[in-house]
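Structures given as structure tokens follow.
What follows is a pair of complexes built around subunit A, which joins subunit B in one and subunit C in the other.
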Partner chain A sequence: MSMLQQVPRNAFVWIIICLFVLVAPHAARLPIWILALYAVAAIWRLQVHRGNWSCPTRLVKATLVLSGFFGVYATYGTFVGLEPTVALLLIAFALKLIELSYRKDAYVLLFLGYFICITQFLFSQDFLVTLWGLVSVTLLTTALVAIHRTGEQEFRFGTIRVASAMLLQAMPLMIILFFLFPRFGPLWTVPMKNHTAKTGMSDFMKPGDVASLSQSADVAFRVKFDGDIPDKSALYWRGLVFSRIEEGAWSALGFYDLPPNQRRPKEVTISGDPLRYSIIMEPTQQRWLFGLKYARSETQAVIQTSNFLLFSPFPIETDFMYTVNSWTNVVVDDVLSDWRRKTETRLPRTGDARTRKLSVELRAEAGTDEAFVGLVLDKFRREPYVYTLRPDLLSDQDAIDEFLFESMRGFCEHYASAFVFMMRAAGVPARVVAGYQGGEINPINKTVIVHQFDAHAWAEVWLASRGWVRVDPTAAVSPQRIEFGLEEAVESEGSFLSTVLLSPQRYRRIPALNALRLRYDALTYQWQTWVVGFDNERQFDLLRRVFGETTAKAFAVTLLGGLALVMLPFAISLFFTRELHPESRLGKHYRIACKRLAKIGLVRAPGETPSVFAQRAAKVLPDYASQLWQITHLYNQLAYGGAQTPAGNAAQNLQDFARITRRFRPKKQGA
Partner chain B sequence: MHIQVIIDSAVEEIGRTLLGKEPQIRLALCCLFARGHLLIEDLPGMGKTTLSHALAAVLGLSWKRVQFTSDLLPADILGVSVFDAADGSFNFHPGPIFTQLLLADEINRTTPRTQSALLEAMAEGQVSVEGETRSLPQPFFVIATQNPIHQSGTYPLPESQLDRFLMRLELGYPPPHAEREMLERRYSAALEIQYPRQCIDYDQLEMIRVAVSQVHASENLLDYLQRLVAYTRQSAEFEVGISPRGALALLDCAKTWAAMHNRGHVVPEDVQLVLPAVAGHRLIPSGDYAGDGHALVDLLQRNVDVVGP
Partner chain C sequence: MKNHALDTKRHSKGIKAQINIRFRGWIKRRIPPAREVTLDQRRIFIFPTRVGFFFATCLLVMLLAAINFENNLSYALTFWLATLFIVAILHTYANLAGLTIRALRAEPAFSGQQSKFHLMIKRSKRRDYFSLHLKWPNSSGTLINLLDEDSVIVQIHMAVDSRGWFNPGRLLLESTYPLGLLRCWTLIDLDLYALVYPRARASTDLPGLTTNTPEGAAVVVDGNDDFYGFRSYRKGDSLRQVHWKGMAKRQGPLTKQYTAYADRSVWLDWDMFAGLDTEQRLSHLCYWLLEFDRHGHEYGLRLPTGSIEPALGEKHRDRLLKELALYGEERRSQ
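Showing the complex of A and B:
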């Protein structure tokens, strides 16, 4: 193998470092066997390098590739989708390392590395992830620099300085491209459907099946209010409406489950100033959005449903920002259509007989729907119901009876479900609403951070002349849950985030850590607003603000002008270093003469000295031999002779030389 | 007398005994005029010893020849003190190194210990024997010959010691017409080999050296030379590039070459012509080029082609 094709030792070390840096952000998502594969690949490669083991044979390689495919299929059950695709890429990356022997393999590996570096942004565009991406790119560039430094046989840290300098020089270009490069829609897409997507919410609800609510301290979304932040207990972020109960499970009605004349939201008469706020959502891979009661959004492509929810036509796969106006006091659905009344009072034919009986009795006792709601809430308040994250499992049959009369332990879903059941049993239209309640106020930038553990379920009851009214039975059972949040509500139980050991949320009682956490969250908000949220709308906005009305031409001119502005200083400095080089004028004249010879087919090889070239040229062009020698001698003397130049000063000599080269106009001779 | 004439006559004189090797003869002279030691490397029977004898004769220097063998000891070259029973003291008997021109035949056949004793003397111009420092005569040249290293029973010189030689020459097979002449001469009385006569005396040697010291190397030329050297350091083809000492050697030889051709300044051709001889043994080609002399020449030619004056 030629040395030219070898990968130097130094580069090799950097490549291994890259390997681990690139796989790190994916590590938590990947099955353990892929991580093991990385360790094996690195060790194998190291042993090959030290001459202990040999490179894998074709058969071994084929087996490894096939088992990689098999492993991915066995783990994910499919090859389509983001996670299996990325897993396949990462496996390819590790396997390529084993057969890395030529420089061209290293190229493939490193360019694949840049691509893998991008894939981490498909999962998260967090600020830290971006920093990590920068580190990865620096290391990859370092490896790329190192494979061009043959002969570096031991590890050198200094290579990273070269790579960093290169990347720093590219930084101004990057910033210009970030602000000005047109943001097209994607030309191609990786199928994103995420099989293992986790969110705080799912699109159905069956409280009896949950023994211990799994909690997550991940952020669901962040909200920034234009004015003051309303009281926490008023922050009910509506996400989904569950109108259907089948076999003990609540689910939402799909768009096509509605009769055509019910699909559009009813007109709502609005009055007063709305609450204005913007929400940045973390990716959910789902299409529902969140908002306070009666929300309208000005953001393009946000749809309002007939339940007055906000909806996105496409799944939220990246951080998504939208602005909302909410009127919390208006009456929605003041007149209930027959279809809706039927739908929102429908119950399974049989089951939970005790509950049904109780409901009818209470309704009769109350006289009005409103008083009935009060009576039911009173029941929750007075009787020994317990708010807990560790409820008992309920049987499939008569689950609500079991909960209401026997176990009496549950969390929001149990209470919402039982409450709505009771309402419907008495003929009052009611439904379950799922979403988030409350949130944490970050004092640093006045945003509301809503975490996954703020997920909540409550009820909406339709009352004549008041429309849909929010009723939260959980608040009756556990007022702390609404006033202070989940942590306070389950303090005695000790179950708050008991499964998530490393979450910073667990340590919020330590002031220094908490301040740090909030500060980082504020930074994340800025990052999401200004960098991640910088889409083509904002881009046009910015350009319009700076340059007035934007046309395609102005846009192009700005982009190119910006690039030129960044490149110009480099170009100028290059230009001057070249021009200020001593003797360059002499060389220029000589090159003119050479160019004329090149035109008639006599090209001077780069290594050819003037004399050697003159000798060759004189043979071909005997008529010009004397002129050629005159030029060559004078050039040699002026360029190399120093003080022994012929009489006359330097400027004079240069002029003479320029004159004779100008006169030199060779023509092709003979055949 | 004109330098070029002196040198032409010397070349002609040597050419009478070593046929068809004019470029190598000129380079060998260049090396000696630049006050450097010369290493001649080739297979046995290629005329290495003939060339070194002829050089010594033409320069009229006192010379001694040492055949290096594996049992040669440093004292065999440097000399030794012998107890003289008559006056009851030790008398120093100088070794063969105390001469103006030392022919070290097959230097790579002897042990590193003896090699380093010789090479130290070459670098210092003096030897230390039994605690006493003794100067070597002036001028002092070493012409060493060696077989290519892949012959068995040899101790290859390490790079640091190869560096002490200003030039390394390879003779190669003679051209067919020269070989024919050599064969014909073998039994012809009329053309019997004459021992070369002296063509350059000590004064002329000094004159040449003065001329060399006055040769001008312009900015342009130094620039070119530096670029050539830098290329060998950066290029992937060489594991080890030309050292600063190598760069100095290159400049010295180029200047001498210019002076030998009666020029007051160095031009790029001078550098290009001496480059293979000066740089060849200082470079370590990387990878599979190692040990292949011809590939090295190609690499150097590429170096010259790529860099450009």
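Showing the complex of A and C:
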């Protein structure tokens, strides 16, 4: 039994490969000491493998386990949450490897490995991550096969073939189960990702925030329109509304900052056909969603705020898909409440005196709010303002004065902030809106890809009878930004994505690479809609489309069909494996010939040699005598011939024999 | 109360025994004894191992994780592994299917010692067979792979107990390859019997020893042999008494002769141990038989069932031992 319980050396090598493959996708999230632990575990294992070191004693093991727990607590401050849990799992895997000596340890280790594979998907369900998961599962399964190959004491790459074949055979039924298994909601609340950095917009904006976001080429979300894609310059993806300015920074009002009667969105009279589109957000760990004005969503759990923004009650931790209807031309907030008016015109008591003075003057000169907006935009357009990713650093005091009258260099948040400040200084309700502007159209699948560098800030001004109106001062300074995007707008500066060297976005000027990138993005979109975003609504749609209404029966048929699909190829290969001994096939062909003779009354007696039988048969069937002799002669030669076997290889001879016997169709002859 | 407990115990034991008998009957009908068995679906059983159940539990936890995190790729991975489990049924089955087990022979042994059973495992399909574990109920296990060779000869040692024909019971051939989640096994009766000689048991002397010489004098068997001379080798002479040195000098095979017993033959008689029970008698006869053989005596055997004339040699010895082994047992052709 001891041999059965040992882990062959081949398996050890595979397990060590698994170790590194499993930790790789988590590496960026993990504290450095866990990675060090992995290196130690691998070295220790190799030394045990070579016979230089021994397995750890019980005391050493206990110490390692305790310090693992301590380390996790020291790093994360808690054991609750996804990250500490995954860290503990990974530590368990490394430590288990050190003490691995029996097969039962190996089972625990490898099943733990499958678990770690799953945790990897909780962080990202990206296509590449999935491919990596595929590799991990294959390697783990290979290791599982290897521990059952007793006696293999050196590394065999061929082991992976068995595992891959089995996994491939398992695919069809997996796909069927995936689409048919009912999706229900969580059974209980689970630890969330508390330690993953939030990405994208934040609910707090000071000058320079959007500019730094613009250095990232990550995708924020992808949009698929039901109809034509509107003009790029109309794509203002609203995400956050900043109504409060304090110490030079803009912030959003929280739900409880609003008086109770202001918390619900006002009714908006809609008219005309909306723009219909669906958005798949990349995880942000934040709760705001994006949409064009005026957006309503039919997706469950998407809330509309009093600012007509879309909002999710839970943080977006995985790819999140929602559908939106937008009416871009309707009037929102045609009547402004007193509280709202007061809030949206509030400014700090002091500071930026020059700006305030200028605003009052311009407002007086303009006569109406609308004309005032025009005058301010004119100022931006006429005077030498520069749109730049590298604005000057502004002082804390009178920053807007300094920007408007001295540096005159800024990014969108500078212009939006200064513009809203001027509006409010003249008593016109205005606020800063943050979100994304534009996007890249993927010609392959007609989606709009919105990147982080499309982050933008603009203004909304409340005008009597028109409600909240979007005004983008950046468009006045740099029309290219709105028409073509950031890259073109700051082209002369060379600052676009200057800090990220490896982003494929940097190489979009190379057509082949760009085509590849867009193709991959289209694949990602398909992946997100069909695999990652597959939920009970989509499942219901799919089932109805495939089966119509009679689902129960069709369900069973599909499941059984899937099972057959899984089993069939294997069963075929199992039952049609090449037979080992050519002699037995020889015998088979000879028996066929005998059977045909038996049908016409010539039965070979038991013990009768082929030659004797042939002699007897030839007398009865003189017409077939030559054929009979040929078959008998060949059979004798091939079966017993040894040295007399005719030249040529055995397979060829066997084929010849088979052909001759096939053609042999004796008919009864009249005596 | 106590009585009741005892009753139930006996009762449950009865049920267990009954199930055992039923099972034996069923498996005998299903896989009848044969010298050669080729494994097919009639003869192969399959069931998840404990590891398999552990794996299933892990899958359940994974499924819970997938449901609670509403994570589709976790669903996919869980289903993939679950389907892998199903596919493993076929692969585990295939690791036994098509194997032929042939009983070659069983070496005779003395009661209380180990007999050696020779089996041949042969494949008929060109595929690799891994980790085939062979075991009889009371034997040590043997682990084989069929990779480069098409057949392997396996020797299994097993302690034999009572005199006569010993059947090792049903051979267990099992395998959990490739994943260890499922165990495929078969229980085959190879119709293989080992001959078990009686346990040799010394007695202080040999009472009423008779020889076939006219003098009828008792012979003291003390092993104090005096070398007498050579005679030419006859077939059946003990190899121990062959004059090997002479052979080295090309004198032709000669057999050494010893004075004390050179021309006397001894009869080992059933009646020598009157008063003892059958097994003890056989044990003592066996001991003396071996003693005489060791010293190169000619010896014969007289049993109530018949007698064998004195002779020498290994064949003679084995024949006599077989007589002793099968005394009172039904004969079977082996």
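Here is the rule we go by: the second predicted complex is superposed on the first by the 491 of 671 C-alpha atoms of A that agree within 3 Å, B and C clash if a C-alpha of one lies under 4 Å from a C-alpha of the other, contacts with A are read in each partner's own complex, and residues count from 1 in each chain.
Everything below uses one rule, namely that a contact is a pair of C-beta atoms (placed from the backbone, for glycine too) under 8 Å apart; a residue touches a chain by one contact, two chains touch by 3 or more.
What you see is a predicted model, and the numbers here were worked out from it, not measured in a lab.
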Quick one: is A:Ser611 in contact with subunit B, with subunit C, with both, or with neither? Answer first, second, both or neither.
first
With both complexes superposed on chain A, which partner does A:Val532 reach: first (subunit B), second (subunit C), both or neither?
second
Which holds for A:Pro230: it touches subunit B only (first), subunit C only (second), both, or neither?
neither
Counting only touches as set out at the top, which of subunit B and subunit C does A:Gly427 meet: first, second, both, neither?
neither
Going by the contact rule set out at the top, does A:Tyr114 touch subunit B (first), subunit C (second), both, or neither?
second
Does the superposition put A:Asn636 against subunit B (first), subunit C (second), both, or neither?
first
Looking only at contacts as defined up top, I'd like to know whether subunit B or subunit C touches more of subunit A.
C
Across the two complexes, what residues of subunit A are contacted by subunit B and by subunit C?
1, 3-4, 150-151
Flag every residue of subunit B that touches subunit A in the complex, lowest number first.
216-221, 236-240, 264-269, 272, 286-289, 301, 304-309
In the complex, subunit A residues that touch subunit C
1, 3-4, 103-104, 107, 111, 114-115, 117-118, 121-122, 125, 130, 133, 137, 141, 144-145, 147-151, 162-163, 166-167, 169-171, 173-174, 177-178, 181, 183-190, 318, 531-535, 563, 566-567, 570-571, 574, 577-581
Residues of subunit C touching subunit A in the complex
51, 54-55, 58, 61-62, 64-84, 86-88, 90-91, 94, 97-98, 123-127, 130-131, 133, 141, 143, 145, 150, 176-180
Using the touch definition from the top, list the residues of subunit A that touch subunit B in their complex.
1-4, 6, 150-151, 582-583, 605-612, 636-637, 639-644
